[in-house]
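The following pair of complexes shares a single chain, chain A, combined with chain B in the former and chain C in the latter.
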Partner chain A sequence: MTARRNFDKALNELENEILRMGSMVERAIYDAVESLAKQDVDLAQRVINGDRDINYLETEIEDRLVTLIATQQPIARDLRRIITGIKIITNLERMGDHAVDIARVTKRIAGQPLIKPLVDIPRMAKISQQMVKDGLDAYVRSDVEKAKYMCSLDDEVDHLYSQVFRELLTYMMEDPKTIAQATSLLFVARFLERIADYATNIGEAVIYLVTGERFDLNL
Partner chain B sequence: MTARRNFDKALNELENEILRMGSMVERAIYDAVESLAKQDVDLAQRVINGDRDINYLETEIEDRLVTLIATQQPIARDLRRIITGIKIITNLERMGDHAVDIARVTKRIAGQPLIKPLVDIPRMAKISQQMVKDGLDAYVRSDVEKAKYMCSLDDEVDHLYSQVFRELLTYMMEDPKTIAQATSLLFVARFLERIADYATNIGEAVIYLVTGERFDLNL
Partner chain C sequence: MRLKIGLLLLFIVNLIILFLVEGKLLSILDGVLLAVLGYIIFWAFIKEVNNKFKLLEEFTSKWRQGRYSKVSYYNDKELGKIVDNINHLIEQLEKYNRAITEGEKRLNAILAGIKAGVMVLDREGRVILVNKGLENLFGKLNFTGEPKPLLEVIRNYELEKFLKEALANLKEMTREIEFLLPNSKTILIHVTPLKDEHDQKVGLVAVFDDITEERKLEKMRSEFIANVSHELRTPLTSIKGFLETLLDGALEDKTIAKHFLQIMNSETERLTRLIDDLLSLSKIEAKKVDFAPKPLMLQELVQKMKLLFKSRLEEKELSFIISLPENLPLVLADGDMISQVLINLIDNAIKYTPAGGKIEVSADVKGSWVEVVVKDTGIGIPEESQKRIFERFYRVDKARSRELGGTGLGLAIVKHIIELHNGKVWVKSKVGEGSAFGFTVPIAQQAQKGE
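On to the complex of A and B.
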């Protein structure tokens, strides 16, 4: 094989690993919120235990990406692609941490009936999960349109977050007995909002990779 | 100059830029909490406006670090050092975002008297700020001991966070009129706790850079 084909093959393999890591994180987000909605402590514990694998995979992929730079000395677009890969796995790893944060809330409030059925929180989780999926898809296909669309979903998550925030505040004010649990749920909403931000980082990194333009500098 | 000296000079310059970015972030954390404690809306607005410069500096440093890889094709330790630099600025940028989050709280609760004088929150800010400083110092000096010590401070911040959390919850339960502001302060404490986590990421990256060992995989 030519050096070029060697490089492409190695990068391709690593991108598949990144996709695999992405699926694990998507799953963790889904399971964490599911564990909360159903008060399933076993599922919450599985999310917490599973984070070890996600972290391990991150360090493994990162080491392999850095080795690829060192051995193949890629330049320009190839190099950018690898650096983007490193950024993506960093963001994925952080989302995984927040899935754990959510699972911990499940364990903390286990046994108390939920102050309300969860509607907007699972919706936030669903959108965030889709964002992760689309962001990784945009990365492997260099699909700027998909990346931009995906980033735009962040507004929806932010909107749901404000809604949940106001609603929980109302609960707390009307019935102080709900305060402890409502505060925990408030944090869950915030974790999901951050997860969507991390997904947005992925989309923005893809846009920069493909177009060389910064889509958003958080200005 | 030899290629080696060229490389060292370029990396050195970039590390100084990273230190400059670090000072800006430290300042932003300090000012954000100061604006909250003194209810100084102008200062809060300056923190919010200043984030643009931090974000801009991040992208500029990153571009230059990637260009350095492309043009000098460093291997082994040199390459790792640059990748660590990229990770550090990503973490710094996120801390800056949280400083903005805190400044936004100042603006939101402006005009309402504080439900209590802030003690533990400024203390959390102070430790976090020190962690940032020490982390960057450990990076430029490859000082593993300092990096380890710095990471150990994260426990102190976590401890203060739990303390603030419990205290604010008590306020809310005793007087529902405090709920809105107490919730905002709860988030401030959480932002600071995250800032300390980002600082810890820097310390761990330095430890990995120097020793090749993962100090903590969040296991």
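On to the complex of A and C.
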């Protein structure tokens, strides 16, 4: 009986840690895009430094989850909770890495005027952030509907990505001088698109956790 | 079985009593009758006691459902006392109950009435209470009354860190935290620890205040000051530079000296203009200006403009077209101020329209307003600049604007004057084709027309 209680307590604590990590990643993505739009190199550097904490938290949570498997030998839903946790932190960690990638772009193009005011990229960023938030909300509330709803948001991000791609391509064709910066911005759009995909992975993991069924959200 | 024993016992007891009293044995029949009678009396007595208990039971079972009604007065020695005690207990209970519900109601009303967000945490840092204000700040919260870890209610690691710190230190603390979605908000959080009478921590109250607007205003103010200092320093630096050169010997060369002095003169003029503009802007903003709206004929004002700008229009070979309808009603406005608006708009139009172009001032009645439009065939304003063009010191092209002698305040003044008249300003423009600036002023009422 106490073993059971200990297990629940440990797992609840870890789920709380996962939410903390999620919050840090949400912040990192926001700051990264903000640093790009405002060309704020200090903020970009803060994002890059902050990733160390995120990575550290990820390995720590993972170690503790693995220890739980090894010592408690959970089955059924308990095991699913642990596996879902591992999946979520893996995806969060990758999002954090992409936030760093975006912050690096800020540093790279610092000092140059932007070839165009950023319109679609902040829009993509906002939707991706919303998806990360929704994914974690769905996780907190075990909300399968919310997880499925994210699917439609991902379509929007994909659509914006191809729009940004086409637009930047025209800039590059018109003026080869813009190629260096346009390529960087194109990467940013790509990173945001990846972040949105990782968010759908979280949504899928939540559905698996609640129902035990596989569901492909990223069609 | 019991009945039989009872009857038999009664029968025997009766026989003995009768035998003792009468001194003789009664007939069996009498005995039986007496026994039955005795039993009925006994039974009635039992029944009555039973009824009393039943009554008590009925009332007490109501309590289980949470309904506390008093036991009705019972005229009975033994039970009466019990009933009294029970009634007293119920009264007390009801009093406590009312006090608790009222306290709760009052607390809820107070919490709901507070505009700021309020959150109460227990000693483990779990959320145990939130108010409406908090939901207004963050949207629907994942909280139903059950204690919940903070991160499941509001997922913000900075907030969690802060509250943990406050819980560990048991001190009043204040911090500003930025929340991101759906819109970024700056929130000032003040926490007060809750302690019991033994100074042991019980939990934490956190109050959330949205200070996004204040921060934004502060930022605007500091940006404005930075802008003003920059704008003032630019002509000053140039004046100082030429002065130093003159002192260093350029004064000897008459032609150079004169040229320098001319530049210094124009820079001084610019400085004067800038300060004048700043002063009038701050006056209008502080509403300290003499605002005296009178019925006004726009035709006259616009004609005056034509005279005022005559030489500059001819210089740039610009045609100036006035197309005001003859029956344009009088407007209720401050003449000096509307002149200022027209001067600023036409001045801009002249500055940014290449030679040979056209400037047109037109007006039209729109409901109870007159809309005046100043349209040019100038260089136009890029779309992303259009919504910021009325901001103080906003310039599409800084260098060009300064070269043309602009202070960066003209359109801000226009906007403030028209807003003082409760009117609206707008801009429509296309790069390379020209711009149109419009504003509305109220029509003077019929009564005043008779003047």
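In this text, the second predicted complex is superposed on the first by the 214 of 219 C-alpha atoms of A that agree within 3 Å, B and C clash if a C-alpha of one lies under 4 Å from a C-alpha of the other, contacts with A are read in each partner's own complex, and residues count from 1 in each chain.
The working rule: a residue touches a chain if its C-beta (ideal position, glycine included) is under 8 Å from a C-beta of that chain, and two chains touch if they have at least 3 such contacts.
Small disclaimer: the values here were computed from a predicted structure and weren't measured.
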Chain B versus chain C as contact partner of A:Asn16, first or second or both or neither: second
Partner chain in contact with A:Ala103 - chain B first, chain C second, else both or neither: neither
Which superposed partner A:Ala199 touches (first chain B, second chain C, both, neither): neither
Which of chain B and chain C A:Ala189 touches, first, second, both or neither: neither
Touch count on chain A, higher of chain B and chain C: B
First (chain B), second (chain C), both or neither touched by A:Lys87: first
Touched partner set for A:Met131, first chain B, second chain C, both or neither: neither
Footprint overlap on chain A, comparing chain B with chain C: none
Chain A to chain C touching residues, read off their complex: 12, 16, 19-20, 22-24, 26-27, 30, 117, 129-130, 133, 136-137, 140-141
Chain C residues within the chain A interface of the complex: 142, 149, 151-152, 155-158, 160, 180-182, 184, 384
Complex contacts: residues of chain B adjacent to chain A: 51-52, 55-56, 59, 66, 69-70, 73, 75-76, 79-80, 83, 86-87, 90, 97, 169, 172-173, 176, 179-180, 183, 186-187, 190, 214, 217-219
